[in-house]
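Paired with chain B in one complex and with chain C in the other, chain A is shared by the two complexes that follow.
What follows is the complex of A and B.
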């Protein structure tokens, strides 16, 4: 069980304070998948970094992130190391650059297994082989004796997945796991991740700007805009009946309804820069359903069906 | 990554192959050669002092009648031992300080960089001379003194490398797998710094040999009966006009030895540089 409560991130310097992420709350049961979607610069990566405990040194970090009852944001660096070894797995964005180029895949994987599971040399090798074959490699011994540059992106990603899940974590954070892979590999990798999730039952946070992936492979979807979770809800519900105007615009981009034949639909305007402070809803300047109040006051998060939405329309 | 990739380059380049062969020859002869010669490097025989090259003494004898060839071989051994350990200290300290500064950053980085800057300002030979004066003269203290100043540039280079690597995706992944600093430094940064370290080491060996020679010439080197290339050169210098071979042969040995290491270092440097360009971008 992962619980994020009131997570806010802001940075301060001489010129002022900038709020980058505000009041993010959600919870995720074991075995379930939450997709965090949003466009570039919306704060997805910051939220993930905070969940992984990489922003613990920041002063303007508020709220709590609990994984199995342990608060990540208050953990010391020693506690963080134990947390990352035992409870939190991480699947990187760019698999080919994420494996150390000067070490053979085998020695890296064995090293991680030894560190995470207290096993010794030969045993680790066996674990590595069985893990790789369960992730769909036909000749694990051959893969283990290769360097990362000899593998394809998808293969590197599966090795990284093996590293993430070897200690049977409670939570796995996948930071755009498929963004640097081709469409065929993308589905294969998602299948691998879902397969191992079904076997181990970890909670999966899938950060992506790929709506197709988000809606097809997750139970819940959280939409981020301007550093806030503007809407969370069950995936199929958001797809069929989006609540927030931004969500419905996104879904429309995705399904291309309303676009001229052969054309595509896009949301006009640009998101507000983080350096502009704005008292109202940050989607105000692009919203098609804006009200007067949207310009002056930021909406609170309210319940809608089984999810939550932050919009004055509700 | 490593020696297996360098092997074809070494074999292709005859010149470098010759250097490598000469260095190995130096090492072998200096280790075993003294046993093959009939003369002990420290055995004096005043009756045969200052002889020129002959069948009995191939390179002649010095002012105490000691065989010059035997002394040169013993001297090369001492010089190589000093150079090896000075380089070992240089590489180890330089790598640890540099990688800690570059990887950890923040206060640690500022402290260690400050330390490097301070050491950088002091003339290195001043420190070496002071250390050899304070510590007792002897082989061990010479390489400690040399190691104590040689690590500074190495640390600076390695800090730059580690600083570049600290935000690399693979370091991030290692951190997110719960690896601590020591594990990241030894497992992930060390292999990436291998080319730089190897080149630095090869260039540091001739530096140490020359530094040791300099110390011996000014009288701070190894103690009296023992021979080193520096001691032989400074002894030879005193009777240079009358018995030039006493000076010439040690100098020739030193030049060839240093040249071999420098050429080898140059080749390593060039081949690592070429390889980092990649096959498709070769120019």
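What follows is the complex of A and C.
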């Protein structure tokens, strides 16, 4: 069980305080998948970084991120290392860039296995080989003796997945795991991730701007806009009956793009810059259903169906 | 790999030829001649000219020089009668090389260590302290540093001798003097590279995978920060090994560096050309070795060239 409660991230300097992420809360059961979707700059990467404990040194970090009852944000660097070894797996965005170019794949994988499972040399090698064959590599020994640049993006990503799941973690955070892969490889990688999830039963946080991926491979979807979760809910519900105007605009972009006559649907305007302070809803300037109150007061998060939405319409 | 080495050797031979040619003709363009400081009567001078072949046309002298060079004969010194350039180099190079190698090793060890520490603690106090030191190392000229070290450690504290080279301990002050500047340069190079490398995805990923920070720095980051220093240390090695005029003067070391400078003033054509060629040779060998080292550390290069 993963529980994020009231996560806020802000930076302070001489000129003032900027709030980048505000009051993000959600929970994720084991074996379930939550997709965090949002456009570039919406704050989804910051949320991911915070969940992985990468922002623990920041002063403006509030709230809690509990994985199996242990708060990531309050962990010391030693505790954080233990958490990352035992409970949290990480699947990075650029698979090829996520492996050290000067070290052989095998040596890197063995190093991670040794750190995460307390096994020694030869044993790690065997674990590495069996892990790689379970991820669909036909000749694991050969892969282990290669350097990252000799592998394709999809192969590197499977190695990274192996590193993430070797200790059977409770939570796996996948940060845009397929954005740098071609469409065929993308589906294969998602299948691999879902396959191991079915076997190990970890909770999966899938951060993506790819709505297709988000709706097709997750149980819940959380929509981020301007550093806030504007709507969370079951994937199929959001797809069929989006609540927040932003969600419904996104869904329309997604379902109508290209195929239909009249070209693709788009959302007019630009998101507010994080340096702009605005008392109302941050989607106000682009919203088609805005009310007067939207400009002056930020809506609270309220229940809607089985999810939550932050909009004055509800 | 063999093809690469052969190609490289052929190219270096070409470079040598260009350097020999340029040195030879530039030197002969200098006003004055080797015997100008001695007031000789014209007859003796003519004899000396004839003895060393200086009465021949320059083109002829050049060809003679090349043919002797092909037999690794650098000729006789014009200033020190009876001594060949080969002898002078053979005598003085070991002294310069001993000081130079020690200085190189010291500069590398010190520079890489401090650079890594500064890079890891970027903008915090260890970084600021190390940067301050490296600025000192860069800005104090070595004659001042050498004199300062002599004053402090030899005259005041009497730990090390003032000058001369008799026991190994005599090498300490010259090596320190010689190593300070390159150590400062290497510190900065490594610091900059480390700061870049530590931002890379694979370092962040390695940390998030729960590896020990020290391991990540030494095993994942440092090897990727080293190439800049490896490439820099080729020319550096050549410069340090062939001796520094200033350091050899201050500490009265019988090294190659001082011959180089004095031979130019003396118009000792053969010695100038000989030392230049020798320096070029050391430089090309050192660059070649460091390139091989960089090559062997980069799997991407290694595989592209199919070895």
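In the analysis below, the second predicted complex is superposed on the first by the 309 of 314 C-alpha atoms of A that agree within 3 Å, B and C clash if a C-alpha of one lies under 4 Å from a C-alpha of the other, contacts with A are read in each partner's own complex, and residues count from 1 in each chain.
In the analysis below, contacts are C-beta pairs under 8 Å (C-beta built on N, C-alpha and C of every residue); 3 or more make two chains touch, one makes a residue touch a chain.
Please read all numbers here as calculations on a predicted model, not as lab measurements.
K.L.:
Could you tell me whether chain B and chain C fit or clash when both sit on chain A in the superposition?
P.N.:
Taken together on chain A, chain C would clash with chain B, as the superposition shows.
K.L.:
Where does A:97 make contact in the superposed view: on chain B (first), on chain C (second), on both, or on neither?
P.N.:
Both partners, chain B and chain C.
K.L.:
Tell me the contact category for A:84 with respect to chain B and chain C: first, second, both or neither.
P.N.:
Both partners, chain B and chain C.
K.L.:
Thinking of the overlay built on chain A, is A:150 touched by chain B (first), by chain C (second), by both, or by neither?
P.N.:
second
K.L.:
In the superposed arrangement, which partner chain does A:280 touch: chain B (first), chain C (second), both, or neither?
P.N.:
neither
K.L.:
Counting only touches as set out at the top, which of chain B and chain C does A:140 meet: first, second, both, neither?
P.N.:
neither
K.L.:
Have a look at 20-28, 110-118 or 236-244 and say which bit of chain B overlaps chain C after the superposition.
P.N.:
110-118
K.L.:
Looking at chain A, which of its residues have contacts with both chain B and chain C?
P.N.:
On chain A, the overlap between the chain B and chain C contacts is residues 52, 54, 81-85, 90, 92-94, 97-103, 111-112, 115-116, 160, 163-164.
K.L.:
If we count contacts the way the header does, which residues on chain C are in touch with chain A in the complex?
P.N.:
Contacts found on chain C: 200-213, 215, 219-220, 223-224, 297-300, 303.
K.L.:
Using the touch definition up top, name the residues of chain A that touch chain C in the complex.
P.N.:
52, 54, 77, 81-85, 90, 92-94, 97-104, 111-112, 115-116, 147, 149-150, 160, 163-164
K.L.:
Applying the document's contact rule, which stretches of chain B touch chain A when the two form their complex?
P.N.:
Result: residues 1, 168-170, 172-180, 183, 187-188, 191-192, 194 of chain B touch chain A.
K.L.:
Enumerate the contact residues on chain A facing chain B in the complex.
P.N.:
So the residues of chain A in touch with chain B come to 52, 54, 80-86, 88, 90, 92-94, 97-103, 111-112, 115-116, 160, 163-164.
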